[in-house]
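The two complexes that follow have chain A in common; it is paired with chain B in the first and with chain C in the second.
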Partner chain A sequence: MNVTLTQFILDHNHESLSSYLVGVVLLVSILMSGCHRIETMIRFFAIQSLSLILIMFIAGVVNHNPHILIISTIIFVGKCILIPTILMFVLKQIQINREIETYVALPVSMLLNCTLTALIFAIIPNIGIEKELHVLSSGLLSTSISVILIGLFIMMTRKKALVQIIGLYVMENGIFALTIDTIFEMPNVVEMGILLDLLIGALVMGVWVYRIRQSFETINVEELTKLRG
Partner chain B sequence: MDINKILLLYSIPALAGFSVLLPKNKKIIGLLQASWMVFSFILALFIVKDILSFGFMSMFNNSIYLDALSGLMIFLVTLVGTIVSIYSISYMTNEVEEKIQNIWKLKGYYLLLNAFVFSMLLTVTVNSMGVLWIAIELSTLASAFLVGYYNREAPVEAAWKYIILCTVGIAFAMIGIILAYYAVTHVGGMKSLGLNWDYLVTIAHKLDPDLMKVAFVFILIGFGTKAGLAPMHSWLPDAHSEAPTPVSALLSGVLIKCGIYGILRFAIITNLSVGNDFSNKLILFFGLLSIGISGIFIITQKNIKRLLAYSSLEHIGIIACGIGFANPLAIFGALFHMVNHAMVKSLMFFTSGNLALKFHTKDMEHLKGTIQVMPVSGTILLIGGLALAGSPPFSIFISEFYILSGGIEGNYWVASILFLLFLLIVFGGLSYHFLQMTIGPLNNNVDSNISSTKYKMSKSGVVSMLLPLVLISILGIWMPAPLLKLLNEATKIVTRGHMI
Partner chain C sequence: MNYNILKHLTLLLTHTGLLLLFAPFIHSYIKKIKAMMQGRIGPPILQGYYDLIKYFHKETVASNQTSWLFSITPFIVFSTTLAAGLLIPTFTSEEFIVSLGGIILFIYLFGLGRFFMTSSACEPGSSFCSMASSREMMFATLIEPVMLLPLFVFVCMYGTNNICETVNQLASKGVALYTPTYILSIIAIFIASLAEMCRIPFDNQETHYELTMVHEGMLLEYSGKQLGIMFFSGWLKQLIIISLIANLLFPLYTMPGFTFASLCFAVIIYLLKVLIVSTFIVFIETIVAKVRLFRVRDILMTSFIMSIIALVISVYKGKGLGV
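For the complex of A and B:
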């Protein structure tokens, strides 16, 4: 394991370190909900995944998990390099980069998500789960629930198929945060399997976005109205 | 010995997937696939026999766990896989000649079919709930390509809906699994084993009931989406109606039951932790809702494949009701119903596929009096339609009767009456549609154009339709002893959580 990095984490206050990262995760997801360039959204997604992996790494070092470096490296390669690359590739193929029409105006959706997050941060500590669940750094539980809901919000309010995939992955990142917060990590087999599923999922859904573009000449999912009843 | 068998069972879809890439003749490809699947079915019978004599088996460091419940599912997956492969020989050659010229497209179909079967076999044999989640997600990804195989507008839309809805649904199931795992670590359970089903059962009574309730709700929503329970069913009619006919049979015959299998496994643990009432009542509610909603859509349906898809919704609701009645008799009926429904639904999809090839339409307005045009397919459509609706001599009637009497025995009076009422509505709708299609007046406008298209029933088509037809007729009056034992053992596993 990387000795200097480990030493750095142990020397510094790991709680404040991970608190900064939790802040980044939350901020990025709110920014994503108000972002109209798809390329920027993919970059934001990579940043968010990176922060989460760092949080997991810090937690692993503090808990003396011997495999943490390998696991975080693999997840880093999957979530920060491969999935964004696949999504960027799809974006290049379909040549649509801006999303102008949405069901909820983007500034409004940002405000809504801020309110939602504030509400969750106000409510969660009061219902007593926070004390029960193992809290790595203050606010990670509230953050994870907020990120899951923001991901859902993005999926529901956007019309472009590709943006819906990104929303799905934001939601998945929220679940990843929940995993880190409650149980640190899944058994290794499961963790790797989930990553594999996400990778295949990005490929498969990318293909379908491309096919929607081919058949319907748009990637607005509101055009998909052939099947009813 | 046992390890070899299960390894072989896993490797058959992989081997079949590679071997179909080699030949150049369409017929040989189909025959090769069918023989691999027949082999896997025979192997599955041996595995089931082992399960029955040993009770349960766990191997590979506990990563695979086989008991009667998984035995039943292995039986079902390989059986439907076999029938579907036999049917594919003639159907896909016809399709290839009529629409798709490229042979690689056909090879792609078989490759994906094998990947799909493999993911379902993995779903029903693994021990860890986490790996079960992964396998179910894999089955979504593999079958999405099969659903959108024709690559026109409607199939693409169906595939997109299917993939997005099921992936989001299954993300919710992940939250449930995380919460359950947290409950295990919270009571000091072993972390490395924490997701293994056999371990979860042993420590279930110690798990925090409130946490398990929340986890179960997430699991029910997540796997319920995959099972097609209302109100998460909106992907189901689209995917079933737009997929190629053999794939529709596979989706409806086993895929949605894999979702039920996931719910069932988790419900056993929840029952042990929380007590009897919570999970069963929830499942019962969703089951009744599914039957009710399907009834409305069945009566007003115009498209034959969508009609069959909504009937799948009805039957998954019936199975859920049987589980929800939480009575050994009803659960026996529900498990038996899984087998019956898989058989009848494959038969019906195959027949509707033949009609579609002949009439070039799925619209029931134009599919009238088919018995005059296609005597064999028409007769099978009539018999199968009556069996599907649940008329007496067939096995579907028997399993529905078990479920209903289980519900009455368990004193679920209101639910039983609703169950019966909804079944009657569906029976009326289905028999009306099928009678119109078979012995109704022949539609004159399309008559000339039908007789000009040549469609002859091939041998593989006949075999694949006779097999399920014979099975449902026999199972209606006599059940072979091994199947009875398997169902009984599986019922015991499910009722394990009811003892408290």
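For the complex of A and C:
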């Protein structure tokens, strides 16, 4: 590993370095819930994954984990390059790039998610999870739980199938953040398995969305109640 | 004469003089740089002063349907704006109005001016003026919380509602002041102040089409000296907000001693900061298109959410986010 980079991270207060990244993760997930362009949502997902990977990298360097560079490179290739590329490709195929109709109006959903985040930040430190688990930072704990719930919110309130898939990935990023926070990083095999799962998921669901578009001429899940041959 | 009173008086006069003197310059500077960025030549850099001289030489004409409210409004707007200007730091962080409400007074002095402006715009009965004033009120309800909330974040962080005191505390932190909370609230203040200054994503100042006017639309029935004062207070407000952002962004230099040389140096540093921020505003204006009237709400909502996140993180201070 690059010695100067390690020294840089160790010299500086790693908590303050990762606190910027935690802020980015939180902001990007709330902006995502109020975003109507699917392309922008995919970019935001890539940014969110990148910040989480950097947090994991910093935590690994601080805890002297020798494999951290390999693991983070693999996750970077999967989450920041392959999955966004696949989703962008599907987007180009189905030729729908914005979502206007949702169950909850987009600014309202942004405000609701903001309230949700504030509530979680108020509640989580008081129920004493971080005393039971040995967490990296309790700010990251609250952030990861908010990100999981925001992902769930996106899946619940959006009508387009592709956006629901992105919501699923946001939820997965939240779980990823939770694992970084509680056990620093997963065993390599588990990490690979999850990544492979997500990649195959992106491919299968991409094909699935494309087929829905082919036979129903829409990817609106409300239209999927009729049977078509 | 007491040395302290003399110092205070000199600083006050320089502060007020700078604001009054440079407001038209900054306006013309923004116009000029914007024209250059769009590949035009643009008006001369002193056009603001020429305009003011022209307006003050002209006769004031008002509709006979208007009352006293219409004729005193320019003076009220001008004086509230100047009073708000005394609350912010420019080249010095000396306080001129101590313990009088800080940021809340600052925001609501603008609110007072806006109230008189919108009421007087309804007086002549011009439909364009009334439409513009109703739009301005719609903006005002959205801008006020979005302007106040990020400033409340600074109140939370530093325990004072005085802007000068906040800037002093920021300056004492050095490079360590750029925390996530700070960055989020600065972005939020910046977006809200673009709306407050009636700049492009929200309102186009250079429009000549009455239907799209918001701020300019309210001035349609004014003429001569009154119009000059109205324009001047608009430019003054712009300079005040730009200096607020500049001083929050780069709270680098506070005057060490009180000599003529240090005063000049502080003024030059201040002007450089203001020019940097205005150039950045021009840059934003050039790359961003004006949004539809009803999308304004969404943009301000984004800024509001950034400040809420900043508030959440700042309240969370010391509990592990490392802010």
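We take it that the second predicted complex is superposed on the first by the 224 of 229 C-alpha atoms of A that agree within 3 Å, B and C clash if a C-alpha of one lies under 4 Å from a C-alpha of the other, contacts with A are read in each partner's own complex, and residues count from 1 in each chain.
The rule is simple: contacts are C-beta pairs under 8 Å (C-beta built on N, C-alpha and C of every residue); 3 or more make two chains touch, one makes a residue touch a chain.
Please read these numbers as outputs of a predicted model, since none were measured by experiment.
In the three-chain model built by superposing on chain A, chain B and chain C fit together without any clash.
In the superposed pair of complexes, A:221 makes contact with chain B only, with no contact to chain C.
In the superposition on chain A, contact of A:117 is made with chain C only, not with chain B. Once the two complexes are overlaid on the shared chain, A:171 sits against chain B while remaining clear of chain C. By the touch criterion stated above, A:187 is placed in contact with chain B alone, chain C being left untouched. Contacts of A:23 after superposition on the shared chain: chain C is touched, whereas chain B is not.
Once the two complexes are laid over each other on the shared chain, residue contacts for A:66 go to neither chain B nor chain C. Using the contact criterion defined above for the overlaid structures, shared-chain residue A:208 touches chain B, although it does not reach chain C.
Note on chain A: of its two partners chain C and chain B, the one contacting more of its residues is B. With chain A used as the common frame, the shortest Cα distance separating chain B from chain C works out to 19 Å. Residues 63, 128, 130-131, 133-134, 137-138, 141, 144-145, 148, 151-154, 156-161, 163-164, 167-168, 171, 174-175, 178-179, 181-182, 185-186, 191-192, 194-195, 237-238, 241-242, 297, 300-302, 306 of chain B are the ones touching chain A in the complex.
Residues of chain C touching chain A in their complex: 179-181, 183-184, 297-298, 301-302, 305-306, 308-309, 312-313, 315-316, 319-323. Interface residues of chain A, counted against chain C in their complex, comprise 13, 15-16, 18-20, 22-23, 26-27, 30-31, 34, 106-107, 110-111, 114, 117-118, 121, 125, 130, 135, 137-140, 142. Those residues of chain A that touch chain B in the complex are listed here as 132-133, 148, 152, 155, 161, 164, 168, 171-172, 175, 178-179, 182-183, 186-187, 189-190, 193-194, 196-197, 200-201, 204-205, 207-208, 211-212, 215-216, 221, 224-227, 229.
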